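Heads up, there are several structures right after this.
Both complexes below contain chain A, partnered by chain B and then by chain C.
Now for the complex of A and B:
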């Protein structure tokens, strides 16, 4: 039974990354990447076997298997006992799906990278990092122990740091890497506080036990809310939710396949997955749920609007990822457990596709700037075709994958709150607009930079084949998984929490559910309208209308280009911290050093001088005095009296002494 | 004649030797007094051997050794006395006070 071996899934890529890192010599044609690809393929095989077993009922979900990690004697409530920390794997429907998605996307990205990173000086190291990145994410997915989850969570952060800053010899990547790392750390703080609270109140990190504890109602509501908010804080950092999304657009500085991996499977999915994994905490706290929903909503809208203006092809995609993550978060927040995870899955496919496609374009024209592109559809037909599929999926046009998952989310949100629904529908329309703006600017019209465009060539098969696989998945995954509620029943099989939530959601929304057909038709029509709008503005050779529109809404454009001032806000925060640091340094040097340290030193010196004076005046003089008395007074006197050099006198003393001894015995 | 007589003779000779060594001004006299003390000790050794262990001869043998050593010592002593005389032209003890501290 393959599910028994599921613990191998994260360990294989980990082993591969170590082998790649330490084995072999760094060469441009190093064969080491194939180790990583082989390990990934093995992991994918195990994951798919697990999904297959679970889907056919051969394996029962949730599956838990754990080992003793460490134990120590503890004193619980006055009773001595042995505390045992166990770690292991917990596979429920969501975890199984995530395993499949992560392994598949990572495998395709690695194959694609063979072409994309070809000739890079750090070819081997890149694959070591990417295997490690995947291993950390897989560890996060399978683990049943929140501490291990947290460790993997941080490892994901570290490896994203390494990969975003992969070209560290350039100026921007190290900065972006630091930004990503520090921003996510800000969120991790909340996660960590939540972990402390969890252990304080529940005394365990085992997810199954925690779920029981929470569902029994052992934890006070206030604590549950705090835990939920802490977990959300961590998830917001990793999954780039407002206001911590600022790192994601900059993370584009890494190699493009890494962006694909970060955006589709490994990094940003971690936050959503964490919320889904710890869903029972949120279910128990309405405030936390509502916060999740609003955080997602705000993020979806802000990022969706910010994606309208950039000219950097990857940046558009980055903002769209943030926006889609907002959709998922919002879905989770309104109780759409399966809807959120469904969107996570389909989004992984088409966002990986879009990023890899963008990578293919960048590889061909050597720039990210869409103003230098245009007319690439003839030169790169496969990239164009697959990216069109990705765009249609992202825009939510039936029958592509994004349509089904987005539809489910909107349905859930409508049941929850019509206001949120309206904002999300508008955002969905914006999605269609910016996605096709990007597509038209890149592939339609004439080449605007002839020097670049005329030399563009279609990428090799090693890059286009993964694109085609992902395009096929983007095309069918939505329909296939939606068919007969396959996804919902599968994911629900391991997480009864999702079912309970959805049942509750249904009960609450019995009054105002929306007709799915009307919703689908309406949203599709809206999306089509915005695609047409994008077409009229950006598809031709003449951008004067777009220019006019831009000058008409110049303040709005400026606001969007400044990213609503979030970057400025955080830079201000950093600046403030800088100033505080300068102040602290001043206090340190001028006050603490000068007054306390130097003052103490001065005091000690003065005391030492006094002590020295006393020493010299009294102690030394006394010592010298003793010597003087014994040598110069007593000694000299006695010498002149007794030791006169007369041997006979000495002999007399000797004779007297011996006689005395003889007499006195 | 008993052991006491011999010991008494030895004691008298020793005291005379000490007295001489402490009081004579001349170095030669002091050396002679020291010889007297050696012989007092020799009388004691011979007498004790004769009266306490008449079967052995260790005491007598020891006395012979002491005479030999004394002769050797006199050689060294007289050589020193000669050296002193050559340097200072006199052999009176009160003038020889190099050991003064």
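Now for the complex of A and C:
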């Protein structure tokens, strides 16, 4: 049975990354990337077998298997004893789906990278990092122990650091990598505190046991809320939710296939997945749920609006990812567990497609700036065609994948709150607008920069075939998975959170529900309208109309281009920390060291000087004084008085003395 | 008579020191061989200790006890033994000494004296962790002082005399107070004894006032070594001035003597004083963590930055101890080992770059990763280990430290977690400024690490990954002892 071997799924790429990193020399035609691709294919095979077994009922979900990792002395129940930390795998519907998605996207990205990274000086190292990145994400997906989840979580962070900063010889990538790492780390503080709370109150990190403990109601509501908020902080960092999304646009400095991986399957999916994996904590705390929903809503809207203005093709896609993640988060927050995960899955396919497509374009024209593109549809037909599919999916036009999953989310949100629903529908319309703005700017009309566009050539098959596969998936995955509630029943089956989540959703459904047909028709019409708007503004040879519109709403554009000032805020925070650090250094050297420590030293030396002076002035003088007294005063004086050389006198003194002693005795 | 394993571990370096002393100054090869052999044999024996150590008992093992000074008035024993707290530290000491000695092979001047003092230092450090007699403990404690003074004062940097005397006087001041504490306990015990295990049992007879006073006397001595705020300012200075290998020893082993002392003496012998001091201790721990990290962030000198990061990391140990739980004690004990390995590696690596570039100014570099990939890789690995990246040793121990302190000090622990992100910030900034970006032309022909440097750093790099993935190797040794420590006053 394949599910017994599911632990191999993260370990194969891990082993591959070590082999690639340490094996062989860096050469242009290094065979090492194929080690990574082979490992990934094997992992994909296992994952698909697991999904197949689970879907046919051959394997029962959830499947758990664990081993002893290490033990440490702990105080459980107030009594010191030895606690055994066990680690292993826990596969439920959501985990199985994620395994398939991550493996598939990573495999396609690696194949695509063979073409994209060809000729790079660090060709081999790139593949080592990609394998490591995927391994960390897969470890996060399968693990049944929250500590291991956190560990993989951080390793995902490190691998993204290495990959975003891959071209470290340049100025910008290292900065972007550092920004990504520190920003996500900021969110991780919340995750970390949640972990401390979890162990203190629940005494375990095993997800199954934790779920039981929480559902039995052993944890106080306040603690549950804090745990939920802490986990949300972590998720907000990794999944780029407001206000921690500042790192994602900069992360575009990495090679484009890496962006595809980050935005589709690894890294940003991790946050959503964490919330889904720990859903029982959120379900137990209405405050945490509501916060998740609002965080998602705000993020979806803010990022959706920010995607309207940039001319960098990758930044548009980056903001759109943030916005779509907001949709998923919002869905989870309103109890739409399957809806959120469904969108995560479909989004992985079409966002990977869009990024790889964008990479194909950038590879051809050597720029990210859409103002220098235009008219590429003729020169790159396959890229154009597949990207159009991706755009349709992202914009939520039926029958493409995004339509089905977005529809489910909107349905759930409407049941929860019409206000949130309205905001999300508006954001969905914005999505259609900026997606097609990008498509029109890139491919429509005539080339604006002839030097670049006229030399553009369609990428090779190694790059276009992955695009076609992803386009096919973007076309059918929504419909196929929606059909007969296949996805819902699979993810719900034995899910760590499934049933309870649906129950919560249904409880809310009693309030209000929307006719699915009306919703679908309305949203599609709205999206089409905004696509038409984008066409009228951007499809032409130049976009003077857009420029006029821009000057009309200049302050709004400025605000959007400044990303609502979040970047400035965090940079200010860093600056503040630096000032405090400099102050601390000053205090340390000038006050603590110079005043207290050296001050003590000085005090001791002053005391020594004083005692030396005292010694010289008083003690020594007193000694000398005694000498003087005994020699000069007593000696000479007495001598002159009594020592006059009269022996009789001396005898007299002697006699007096002796008789005195005799009397005294 | 049993095989005197601990005595051999401790005094083989002394034999090596005497051998070095007898060798002529010019025969450098022979001096190298003698010193390395002594240190290596001592390490090999401590590896034996690792395997022979009984992990199922919290009692002292490999005990050796002989009367030493047997006058009517005073009775002092030669009394050695290790448990799950001290045995790992003994192994750490022999390992780091050997590695530091390998790293010292590049020393040019007065090599013979250097080896002599270095080996004497090793004897002292080992003795501190093994002694079970307070008199003996004090003797070893003071033995570490003199070699350190000479090692910094002769082979150090530009401000070496100032740094050496500051280190010496500061630590001496601390140990004078410690001596007071030792004598106070000695006279309180009935019958008078220096036996540390016996002294752990008399706390029931000690008044609160006595315990507080004795606690403060010991704490002063140990806190300077840790170093705990505000007694920490000798450390950055001593680190910057000391030669590379001595910085390694200082960070990896000497600081641990302070934490070890607090656990072994202050906690075990003076529980009332300890309980009374806890609110202050936790505050000091938080200051060490956050303030130490902030100070590190403001440094331009790589070595100073690592030195301040030590203050931050020892703060985790103090925080864990303040948690007074088995988890916390495990965390502190494991953190000591990991900090020794990781910070030791960091100092070695800073030494590598200083030997080549003759500067440690973070701003003076740039883009080195393209030029010296092996060095950049090892340095980044060590930095990530130091900032507590999971998969590396530091993560497990830091996590245990926080976990141990959290139930008792929720707010303080939450504030301390800030230290983690500040640490990440300054290490990443250092990596960015030194290794990434366009290559600074000044270093266009910087050579990568040589064999000697690799031999000293790579084992540590392997250890920090191995202990991070499989912490069982270290934790199993400590567990029983930590459970018994935590249950001491329950």
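The working rule: the second predicted complex is superposed on the first by the 586 of 665 C-alpha atoms of A that agree within 3 Å, B and C clash if a C-alpha of one lies under 4 Å from a C-alpha of the other, contacts with A are read in each partner's own complex, and residues count from 1 in each chain.
Please note the rule applied: a residue touches a chain if its C-beta (ideal position, glycine included) is under 8 Å from a C-beta of that chain, and two chains touch if they have at least 3 such contacts.
Please read all numbers here as calculations on a predicted model, not as lab measurements.
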| item | value |
| --- | --- |
| Touching partner for A:75 - first (chain B), second (chain C), both, neither | second |
| Residue contacts on chain A - larger count, chain B or chain C | C |
| Which of chain B and chain C A:371 touches, first, second, both or neither | neither |
| Contacts of A:639 with chain B and chain C, given as first, second, both or neither | first |
| Which of chain B and chain C A:652 touches, first, second, both or neither | first |
| Touching residues (chain side chain C, partner chain A) in the complex | 166, 169-170, 230, 233-234, 237, 291, 294-295, 297-299, 325-327, 329-330, 367, 369-370, 384, 389-391, 395-396, 399-400, 402-403, 406-407, 413-414, 417-418, 420-422, 424-425, 428-429, 432, 435-439, 470-472, 475-476, 478-480, 482-484, 486-487, 490 |
| Chain B partner contacts - residues on chain A that touch it in the complex | 639, 643-648, 650-652, 655 |
| Sites on chain B touched by chain A in the complex | 18, 21-23, 30, 93-94, 96-101 |
| Residues of chain A that touch chain C when the two form their complex | 69-75, 79-83, 147, 150-155, 158, 161, 165, 168-171, 173-175, 178, 181-182, 185-186, 189, 192-193, 195-197, 199-200, 574, 577-578, 580-582, 584-585, 588-589, 592-593, 596-597, 601 |
